[in-house]
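Each chain carries a letter (A, B, C and D) given by its place in the written order, and its residues are counted from 1.
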Amino acid sequence: MAMLSFPHIAYLIPLLPLLGFLINGLGRNHLSHRAIAWICSGVMALAFAASGWVFWNLPAGAPTILTAFDFIRVGVLNIPFAFQLDALSALFLLIITGIGFLIHVYSSAYMHEESASQYGRYFAYLNLFVFSMLLLVMGANFVILFIGWEGVGLCSYLLIGFWFRNPAYAQAANKAFVMNRVGDLAFLIAIFWLIARTGSVNFIDLPMALGTVGQSAKLSAMDITGITILLFIGATGKSAQIPLYTWLPDAMAGPTPVSALIHAATMVTAGIYMIARSNLLYTAAPLVLTIVAVIGLATALLAATIALRQNDIKKVLAYSTVSQLGFMFLALGSGAYVAAVFHVMTHAFFKALLFLGSGSVIHALGGEQDIRKMGGLKKSLPITYWTFLIGCLAIAGIFPFSGFFSKDAILLSAFLKSPVFYAIALFTALLTAFYMFRLFILTFGGSFRGMEEQRHHLHESPLAMTLPLMLLAVLSVVVGWIGIPEVLMHGGDRLAEFLSAVIPVASGHEVSHATEYMLMGLSSGLVLLSIYVAWSRYKQYRSEESESSLTRFLDNKWYVDEAYQAAIVQPLHRLAGWIRSFFEPRILDGAVQGVGRVVRYLSQQIRFLQSGQTGNYALWMVIGIVLILSIQFFIRK
Amino acid sequence: MIALLLVLLPLIGGGLVFFLPRPAAVRPLSLLMALSTLCAVVLGLTLYAGIDSWSFDAEWIQPLGARFTLKGDVLGKWMSMLAALGSVLSVLGSWNTDRKKPQRFYGLLLWMQAGMTIVFLSADAFLFYFGWELALIPAYFLSSIWGGERRIAVTIKFFLYTFVGSVLMLIGLIYLHGLTPDGSFQWQAFRNLELEESKQVWLFWLFFLAFAIKVPLFPFHTWQPDTYEQVPTPVTLLLSGVMVKMGVVAMIRWLLPILDIGVFIWSDVLICLAVVGILYASLIAIRQDDLKRLIAYSSIAHMGLTVAALFSLTGFSNNSNVVLQYHLIGFQGVMLQLFSHGVNIMGMWLLADRIESRFGTRKLSELGGLARTAPTLTIFFVVIALANIALPLTNAFPGEFLQFNAIFHAQSPYRIVFLIGSGLGVILSAIYTLNMIRRIFYGETNSATENGLRFSIAEALALSVVVGLILLFGIYPQAALDFTNEYAWEYVKSIDITRFLTK
Amino acid sequence: MNITPYIFWFLSVMALFSALMMVTSRNPVYSVLWLISTFFAISGHYILLNAQFLAAVNIIVYAGAIMVLFLFVIMLMNLNRETEPQKNRWLKLIGALAGGCLLLVMVAALKDAELRSQQAMVGTGSIGLIKVLGKELFTRYVVPFEISSLLFLSAMVGAAVIGKKETPETLKS
Amino acid sequence: MPINYYLFLSLALFSIGMVGVLTRRNAIIIFMCIELMLNAVNLLLVAFSKMHHLKNLAINPMIGVDGQLFVFFIMVVAAAEVSVGLAIIVMMYRNVHSVDIQFLNRLKH
C-alpha cells in the first residue's frame, strides 16, 4: 500500500484525529462513554504510531515536501496545501501525538462524570485540536501554519469555554481568542509582507529570499526586521508573552487535561516552533533577536513573581508556564534555537505531568483548587505525589532530570548573549524552584486542611489517570538525556545534531569548559538552596496574611489586567457605546433623517399656501401670471 | 439562451406564484422555480458554458437606443449562481413560516431575484438600471407589507435612500449615453468613451454614490441596519446576501472599467472610507444587543473590506507584470469573497430568523444557554459565525487573505495605514462575534431558552448547503479561483490605466 | 364729424363704470344689475363693430338668460341682503394690487406693440352679419356646432343631477 | 378705431373681473366676475376679427369670421358652464347654507 509507506503515511497523522473528531462530533449522541474514549484514544495511538514511523524513516538532509493540493494559486502567488517533514516537524509530531495520546487516555477517566454527549463533545474538540496542531507543525508554508495556528486558537477557545454555563469561563474563552487574534493580525501582516517581497510563503524558499543561495536577496534589512517583529508579535499572542500573556492564566477555566495539553505542552509552544521554523530570518535580524530575548526574559521574571503568590494550583502552573515560555523566548533571542526547542520538549513532558498531577489532586478533592485547603495528600495519593515530585524536580532543573539539561542550555545561551541576561534568568530559575516547591509542599506536605467530607473521599485516581502520570514521569526524567551538553558527554547533544538540517549549528561563541562547569554548579547549587528555603518556609503551614505593598502588588498580578482594562478595553467599550448611541443615530442617521426633516419642514411651510381657499389659489395664480409676464416681456429682452 | 432563461424563469415563475389561487401550492411552486433557476445556472456552468448560451441580444426600446443585452461573463455567472442559491435558501428557510398572502410574498421574492439577475448579467446600461430598480421595488413591497412594527418609516427610508442613489446614477448614465457616438447604452460603447479626466472626476460620484449606498459603504449605510431589522428575514437574506453584492458588481462592471481615472483619483478617499467603515461598523456591532442589527453591521464591515480591496486594484502598472499580478490576486479575493460573504451572511440570516421565530426575541440579553438546549443550532451558528469572521478553512479566509494582499499593494502612500486599519477589523470582528456567541449560547438558560429548538428538514437542508459551501471553498478555494482566474486576469489588465500615460 | 368715437368712449366708460360697480356693490342683486349694464355696453361695442349677430346673442343669452338665472338663484337664496362676509382687508388689498399689477404689466407690455397702428373696422364689414355667420356655422363649423348641442345636453343633465335634493334615501341608493 | 383702444378696454375689464374674483367671497359674485372676464375676451376677439378683416380684405373677404364664431362658441360654453356652476352653488348653499368660498376649503385636506 503506497499510502502506508513513507512519506505518504504522513497524511494519516492529521487525518486520524480529524476522523476521530468527525465520528465523535457527529455521533456524540449515539456513542457510549467507552466507545468515545476508545475511538479518540485509538486514533491518537495510531497517529502516534504513524508519527513514529515518519520519525524513523526521516531522511537526513533536505526536507520532504508532501503537496496535497493547491490551496491558493493566483498568478505569482502559489500556496500549496503541503506538509513539510523534517527533523523539527517530526520532533513536534512525536511530542504532540505522544502527549496527546496520554492526555486522551487521562481525560477518558477525568471527564467521566460528564454526560455522554458532553463527553463526546469534549473528545471531539480535543481531537480537532490535535488535528489543528498537527497542521501547524506539518505545514510547509506560513499559510498552512497559520491555518493550524488559528485552528488551535479556536479549539482552545472551545475547550476553555467547555463548561460554558459559567459566564466567567465563557468570558475567559473570549479573552483567549481575542488576545490571540491580536497576535494573529501581526502574523498575517507579516505573511502579507513576505508575499509582497518574495511572492512565496514556503519555508523552503526562505533561504532563497535571503539571498543565501547565490542570488541577490529579495528581502532588505528593513523587511526582515519588520517581518520578524510582526511574526514575534504573533508569537507573543499564542505563546503568552508580554504584552499578550494575560489570557493564559484565565484559560485555566478549561478542564485540567486541556490545560495540560493545550496551555502547557503544545499550543502555547507554537510561537517557539514558528520562530524556530523561521530561524533563518531571525538570525538575519539581530535587533529583533535582542527584543525577543528581552521580552522573553521580562515575561519569565514577571510571571515567576506572580506565581509566588498564587493560591490556585492551576494558576501557579499557568504562571509557571508563562515563565517557562519566557525562558524559551530568551533562548530564541539568544540565538539558541535548539535550546528553545529542547526546552519546549522537556517542558512539554514535565508541565503536562504537573498539570495532570494537579488534575489528579483536584479530582481527588472533588474540584478543590485552592492549595491553602490542601496539604498532606502524600499518603492518600502516593502515585500522584511521586510523579508530581519528579515534575517539580524537573522544572526546578535538578540533575539528572530533563529540565536540568534544557534550562542549562538556555542559561548558557543567555550567558553568551549577556551576563546581565544570565543573572536575571538565573534569578528567575531560583524563583521557579521556590514557587514550585511552595506549591508542592503546600499540596502534599503537612496535614490536610480541607473539609472533613473531602478527607473521607480522598482516593488515588484510577489507572487511566495514573498510567499517563507514570509514563510522563519517566519521560520527564529521561527526555533530557538526548541533549546532554558536550562538556558532560562527548556527542551527547544528539538533539542539535538531529535538528542541524533545519537549524544550522551556530558557531562562534565558545566558552571554556571551566566556565560551563561553573555556571552549571552555580545554578544547581542555588536552586537546591532555593528549594531548601521553600521547604523550611512552608513545611509548617502558616497563612500568608502578612500584607505588604509588594505582596499586594504581586497578589494583584502587577495590576496588568486592570491596566489593560482601563487603557484599552474600557475606552474601546466607551467609544463603541458612544458611536452606537450617539454618533450613529444622531450624527450620521441624523443627517439622513435631517434631510427628510428639512424637506418636511419646508413642505409644512409651503403647505400654508395650500390653504384650501380657492381665492388664495387664484391670487397666487395671478401673481404667477404677473411674474411670468414680467419676465417674458421685460427681463428676457 | 441560458442567460435569458435565468431572467425569465424567476420573472414568469414569480408571476405564476403571484396569481396562484391556492396558498398551499405556493411554497412548492416557488421552490421549484428557484431550484430550476439554480439548475439552469449549473447547466450553464457545465454543459452549456459557451459564450453563445450566455449571451442574448434583442431590440428593446429603439428610440432610446436601449437594447436587451445579457452577457454572462464569469462575474455574471458567478453572481447569478449566488442569486439563484439565495432564492432557494430563502424559500427553504421560510418553509415552515406561515405568512399572510404567501402568493404575493413569494411572487415578489422571485421577481426580486429576476431583477438582481438582470443586474448581474446585463451589458446594457439601460437594462442594468432597469434591473437595479426592478430588484428594489419588490423589496419595497415586501418590507412595507410583511415587515416589523416600524416597517413603514424604515421602508420609506430604505427606498428613498437607495432611490436617490439610483437617480444620480441615471443622470450619469444618460450623460454617458449622450456622449456615445451612436446613442447607445451598451457597455462596450461606454467603455470606448475613454473620457478625459476633468469629466471623470465628477461623473465618478454620480455612479459611486448609487453603488456605495447599495453596498452600503460608510457613511451611507444608515438605512441598512434599520431595514434588515424590520424586513422579514427571507427578504433580508436576499437583500444582504445578494442585493448588496449588486453594489460591488456594479462597481466592478460599470465603475472601474468605464471611469477608471476617476476611480484612481478618488481611490485614497474611497479606501479610507471603506476602512473607517470597517472599524466603525465593527465597533457598533460590539455594543449591539439586537441580533439582526449586529449581523447587519458585521455585513457592513465585511463589505467594507471588499470595497477597500477592490479600490486598491486601480492604478498604473507601467506595464509591469508584477503589479498586475498583485492586482490579480486582490481581484480574485474580491470575486471569491463576493460569493463567500453571500453564502455566510445568508446562513447567518437563516439562523437569526429561526432564533427569532422560536424564542420570540432578537435581544442577545434575553437569550442565553442555548448551547445546552439547542446543540445543533449551536454547531451551525458557531460554524457560520466563525466563517463570517474568516477563520481559516472556512470560505471567507482565502477571500479575505487575498483582499488584504490587495490592500497591501494599493498604490497609495497610506496603504500600511489602510492595511492595519482593516486588520484591526479582524480583531474587532472576533470580539463581536464571540460576544454574540457567548451571549446567545453560553451561560444559563432562561425561561425563553429553556426549551431548545429543532430544525425542520427544509431548514436543516438549507443550513447544510451553507455549511457545505463554507467548507468546500474553505478547504479547496482553488475550485473557485480556477473558475474566475481567466476573467480576473483580463479584467485587471483592462482596468490598468497606464495606457492613459502613453496617450 | 364722426360720431363713432363719441359712441365708443361713451360705451367704454359705461362698461368700465358698470364693471367697477358690479365688483364693488355689496348687494348681489345690484351686482347682477350692474353686470347686465356692462353687457349692454359690450353689446353696444359689438354693434359698433358691426357684429350684429353677436350683439344680439350677447343680449339675449347673457343679459337675458344667464343673468336672469343669476338673479333667480340669488333671490332663491335670499341673498339680496348685504350679508356677504367681508374678506380680510389685507387680502382685499393684495387682490386688488395683484389685479392692478396684471393690468399694468399687460398695458406696459402691449403699449409698444406693433399692432398699435392697426385699426379695427368700425361700422362696416359684412362678417358680423347673421347671414354670413350662419352660413359659416352650418357649413364649416357644423360639427362643433352640433357638438355644442351635446355640451348643452350634458350641462342640462348635470345641472339637474347636481341640483337634485339629496335626501338620505337617494344617498343610500 | 385703433385696435389699441379695444385692447386696453378689454384689459381693463378683464382686470376688473380679476380683482373681483380675488377680493370677493360670495361665490355668485365671483362667478359673475368670471363672466365679465369672458366678455372682456369676447370683445377683444371681435375687435381683432374686425382688425384682420380690415387688413386682409383684399385677399380674403371672409377673413375674421372665425373670430366671431369663436365668440359664439365661448358664449355657448359660458351658458353651459353657468347652468352647471349655478347648480353647484345651489347645492352648496343647501349643504352649508352659505355661498362663502371660505367654507369651501376642502382642497386643503
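The rule is short, and it goes like this: contacts are C-beta pairs under 8 Å (C-beta built on N, C-alpha and C of every residue); 3 or more make two chains touch, one makes a residue touch a chain.
Nothing here was measured: the structure is a model prediction, and the numbers come from that model.
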| item | value |
| --- | --- |
| Most heavily contacting chain pair (counted by C-beta pairs in contact) | C-D |
| Chain centre separation in whole Å, for chain D relative to chain B (CA means) | 63 |
| Inter-centroid spacing, chain C versus chain B (mean Cα positions, whole Å) | 68 |
| Where chain A and chain D are represented by their mean Cα positions, the distance between them in whole Å | 96 |
| Distance between the centres, which are taken as Cα means, of chain D and chain C, whole angstrom | 5 |
| Two or more partner chains touched - positions in chain D | 18, 21-22, 25, 102 |
| Residues of chain C whose C-beta touches two or more other chains | 87, 91, 94-95, 98-99, 102, 106 |
| Multi-partner residues of chain A (each touching 2 or more other chains) | 615, 619, 622 |
| Pairwise chain contacts, counting only pairs that touch as defined | A-B, A-C, A-D, C-D |
| Residue numbers on chain B that touch chain A, as the complex places them | 157, 160-161, 219, 222-223, 280, 283-284, 286-288, 322, 324-326, 328-329, 332, 369, 371-372, 375, 386, 391-393, 397-398, 401-402, 404-405, 408-409, 419-420, 423-424, 426-427, 430-431, 434-435, 438, 441-444, 476-478, 481, 485, 488-489 |
| Residues on chain C engaged by chain D in the complex (per definition of touch) | 4-5, 8, 12, 15-16, 19-20, 22-23, 28, 31-32, 35, 38-39, 42, 45-46, 48-51, 53-54, 57-58, 61-62, 65-66, 69-70, 73-74, 76-77, 79, 84-87, 91-92, 94-96, 98-100, 102-103, 106-107, 110-111, 115-122, 125-128, 132-133, 136-137, 141, 144, 148, 151-152, 154-156, 158-160, 162-163, 165-166 |
| Chain B-touching residues of chain A, taken from the complex the two chains share | 69-77, 117, 143, 146-147, 150-151, 154, 157, 161, 164-165, 167, 170-171, 173-174, 177-178, 181-182, 184-185, 188-189, 192-193, 195-196, 572-573, 575-577, 579-581, 584, 588-589, 592-593, 596 |
| Partner chain D, residues of chain A touching it in the complex | 610-615, 617-619, 622 |
| Interfacial residue positions of chain C with respect to chain A in the complex | 87, 91, 94-95, 98-99, 101-102, 105-106, 108-109 |
